[in-house]
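Here come two complexes built around chain A, the first alongside chain B, the second alongside chain C.
Up next, the complex of A and B:
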């Protein structure tokens, strides 16, 4: 590398653009600083609010996670890392975590397949478009707790709507203990999660409008079939939307507390429990708040790790 | 522009002032104003309607004291009270769920010894000494932090006396009787459910299991929960097998395993179930007037102990005091709060909430108004229940966290055939000693 090149890089070649550029930069710096200051003033209250919210909240959680303490937060006993050890070695926690990951994988699968296909159908100018939109979106707009409670009641063995329906149409032999049997309890959760494809459909529908129409025209002129357009053009073109949908589905599964709690209640035998229901039941009872706090921190670390992995992959893809 | 800014500034100042004023007023609401003391009473029991009557009676007798009632639902209250006390909310009287909450909030409550002298004369001695001792024993330091309104127990069995009479049957006392009764009901009343019970809730599974265990081994529940007995001892494995046997023999139906506690009452209330396995806090079933108030059309209801499952066993139930009244350390009016508590235990007070039949009052010599129980089935039922509660073989203690995470699910696994009784009992014992579920005296 020549000296001139080096100097040019650091802007020190006399008589070149750098000497002209300097006053221009100076002229810009004033208003820039002012804008920055104004931005800071406006952002400061929010930053302080979030600062307190996060740092105090997480700090408090971290402190409590090393204690054996009740909800009164009095007479705490320091137990060091014991709560973390107890959570990590708990087979119920491990199962809950696996369930969470399984639900996340299922949500992603449904969103990327069914969600994508529904969005495509809606974008293709279907006649009953608005009706289908409403049907697909409605479960996402209703409070999940209500939705899951109603669904949970439908699964009741004795007088649930599903078994009643089966009995009334002469298929009583198919009526069963939906929540007491493991496969059907998981299937019930799967159905509930499938109903939640409303948001992925919105994401896809919004981004489909941004796709350059000329690409599709060109593909059509080249004789591409509808399936080929979906598979080879639209699916890859919408890769940023897929990323958004995947993140939403994965993080959504960590917040699926209400879906599980109000439908299967973690049954049978706690086998469909997830991290959310685990933390909730951990906090009940005396002197258990520290244990629940440790479980929360572990989940927080896992969720942050997942986000970090996504960020790294996202950058590589870009 | 300037005038607009001025207007905006005035509005902001005025709004802030108003908020401050309201805040100050709210604070004042917890204290005294113009010589009148305002007490804040947080509780979940007795019901709001009953307490409103009791408070009206107290305020009439004490015109200088006003009681503000804040009533919560059962499970919400377990979290709401500790957080309210930690957050500095001005609570003067706190209802305490004796088993579920005493150790969580005891550090924020005044021991009864600190306000005993503020109680009206004769009130403390009118409370059953056994109930006071039981309440004190719940606290990890053995101190008395609340005065218990009464006692509750479980599990017991209510029955539709009208249907039993129609079928010419008597309430079962043994497993054999029970099985025979269920067979008759299935044959003669095909649309009627013989026994309504709940299987979905972990805590209720424990209630039924421990009742069965207590029949053959009185005191086993207290031993285990206090940490001196093992979950996988032979007696407990046998109790799990007995419970499973009730399903295998057809006494109980597996479709009840997905029924939540509370939902199981529906069929009984509608006259579509003959027996109801429940707890004494639903003793209102025995009172025709209370049933009518609850819009329940059942003509006659009786109650018995859960039938004895093995020869040599005895009817049993676990019971514990419930509905503790306590005074938080932060109360600015402990003397007035003690006055209200005195009223609740006075004749006038107990006559307001006692006939509600949720608890068996701990006030000595309390008797129900003569017209509360109108049939022999109801009279005998309450007599049986009272005897079971007052002679309980174990305290109705539970380790809530263990129950939710391990015990309930293990019982359900046995009932649904996923685990043997031994496997489930071994798992419970290993989890019990894992350190995850603090128990016994800490």
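Up next, the complex of A and C:
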């Protein structure tokens, strides 16, 4: 079954290089070059997608960010750094960036409290945990456009489910126009984000498998309650998972476009918007594509640096 | 590969009271989490009853027919999954089993793009799609979607190939099998489970995507389910009956996603677990 062609592919097996007679340098470099070539073939499809949508795309973003141009990308006017200056001093952009951070902070808070607690309880050997696990994950898995739309309609002033519920339980005075008032619009977004604890629950549940059971047994023998074990042993033990969860939440806040777009739509007056909705409305709503490009670059710089830090940090941890 | 909906639970001894408190907290959480779904279902049959579903299913709204959106979503999701599985497994193999110069650096370069949000590449994707004349085509949407999933796919599949027993590869190398043969005959068959997970995740993510279909598909006959949420909104009047119909439509639009989530739940949660970045 072996032929000359397969013989030449054995680059990774030391000492099996093709012929003894060759000079040492070439014997070393031949297989290396061969591996590189084969790797290139395996990586070529990936390179095509990355090349078009990321590398060329980012270059295009850089170019458009210095232009005043519409979505037809014709008759562009070079404006230099103006877009960046205007975007960074735009109060709506600043608010979007702050909202983005607030959103991330809130998701982290919910993940580390409710998400952690739910994951711990699910691992405590209760019945029906599979069912509960599915229900808890459901809102984060179904299309956000649907979930946020249904949720957005629940916020309706007149016949929205939330106001009706409040009236029914005698809290009618709390019934209000959720989207019109800024604080209540934020509250609504907060509730919506609380539904999105699925990913943290998955991470915690997965990492619980690596926890050393004997510590827990010892603690139980010493008379610790389950809640003490959760809080004093498992919470500190899972600190690496906390890091993963925090980074995922921050990166997730840049992806939260659908959540905001379909629930509050950035109302009132763009003040609950995030960078995602800012880019979308600049590009498609007001045709200020240069603004959208500049904002995209700002997001990419933040997100990619975070990603880089995580990779370096994660590598060190190993 | 660890099962995320953990079979084994922590070695804890629960007192009866603890157990009840847990059931109470989890029960309330479940009720709250199901509330939007229950609410939407109630609203959908409030006026007109279950017949509403049939009405919505057979009618066009702003030129959008709901069964057609299922087909459109399905095709895009399948393309997305196919691209991600093929491209991702080839790259994952290279990063795991071919020792080439600059492998680690390239691998990390690929992974950095895990963080790219869809909105950040919206402007270039619009331009690229128009230059390639892919507006109003399934592929035009599936390709940028797949590109966003690819970093995750490479991470997941490289980890899985890394975890394969070396002895199998060694046997193949002893047989003087080349990389292509090892990839096809040794790695791919063992990779079936992770590929199913990846495909399930890709389909789910594709069904979630509103942004790319909404910007790249203008032809109403190509509307996807997630996109239809917005497109059909204006077609429903302000009456109570029309409101019920709208909710029925929303419930129906969730059906493909619900099927893939419930049917592929094991694979989805497993894929998400194994794709977390730490390993």
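Convention: the second predicted complex is superposed on the first by the 240 of 318 C-alpha atoms of A that agree within 3 Å, B and C clash if a C-alpha of one lies under 4 Å from a C-alpha of the other, contacts with A are read in each partner's own complex, and residues count from 1 in each chain.
In this text, a contact is a pair of C-beta atoms (placed from the backbone, for glycine too) under 8 Å apart; a residue touches a chain by one contact, two chains touch by 3 or more.
Because the structure is a prediction, the values reported are computed rather than measured.
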TODO: Once the structures are superposed on A, label A:269 by its partner contacts, choosing first (chain B), second (chain C), both or neither.
DONE: first
I'd like to know which partner A:225 touches here: chain B for first, chain C for second, both or neither. second
Quick one: is A:177 in contact with chain B, with chain C, with both, or with neither? Answer first, second, both or neither. first
Taking the superposition on A as described, I'd like to know which of chain B and chain C A:111 touches: first, second, both or neither.
neither
Larger residue footprint on chain A, choosing between chain B and chain C, goes to C
Return first, second, both or neither, reflecting whether A:306 touches chain B, chain C, both chains, or no partner chain.
second
Contacts of A:286 with chain B and chain C, given as first, second, both or neither = first
After the superposition on A, what does A:71 contact: first (chain B), second (chain C), both or neither? both
Overlap of the chain B and chain C interfaces on chain A comprises residues 71, 73, 284
Touching chain A in the complex, chain B uses residues 78-79, 82-83, 85-86, 103-105, 107-108, 193, 200, 253-260, 263, 399-402, 404-406, 409-410, 412-413, 416, 418, 434-438, 442
Per the touch rule, the chain A residues reaching chain B in their complex are 68, 70-75, 82, 86, 89-90, 92, 155-158, 160, 177-180, 265-270, 278, 281-282, 284-288, 291
Per the touch rule above, chain A residues touching chain C in the complex are 1-2, 5-7, 9-13, 32, 35-36, 38-39, 42-43, 45-46, 49-50, 52-54, 56-58, 60-61, 64, 71, 73, 114, 117-118, 120-126, 129-130, 132-139, 141-147, 149-151, 154, 161, 195, 199, 202-203, 205-206, 208-209, 211, 213, 216-217, 220, 225-227, 229, 240, 244, 251, 254-255, 257-258, 261-262, 275-276, 279-280, 283-284, 289, 292-293, 296, 299-300, 303-304, 306-308, 310-311, 314, 317
In the complex, the residues of chain C that touch chain A are 2, 4-6, 8-15, 18-19, 22-23, 25-26, 29-30, 33-37, 39-40, 43, 83, 86-88, 90-91, 93-94, 98-101, 103, 106, 108, 110-128, 130, 143-144, 146-147, 150, 154, 173, 175-179, 181, 183, 204, 207-208, 210-211, 215, 225-227, 229-230, 247, 250, 253-254, 257-258, 261-262, 265, 268-269, 272-273, 276-278
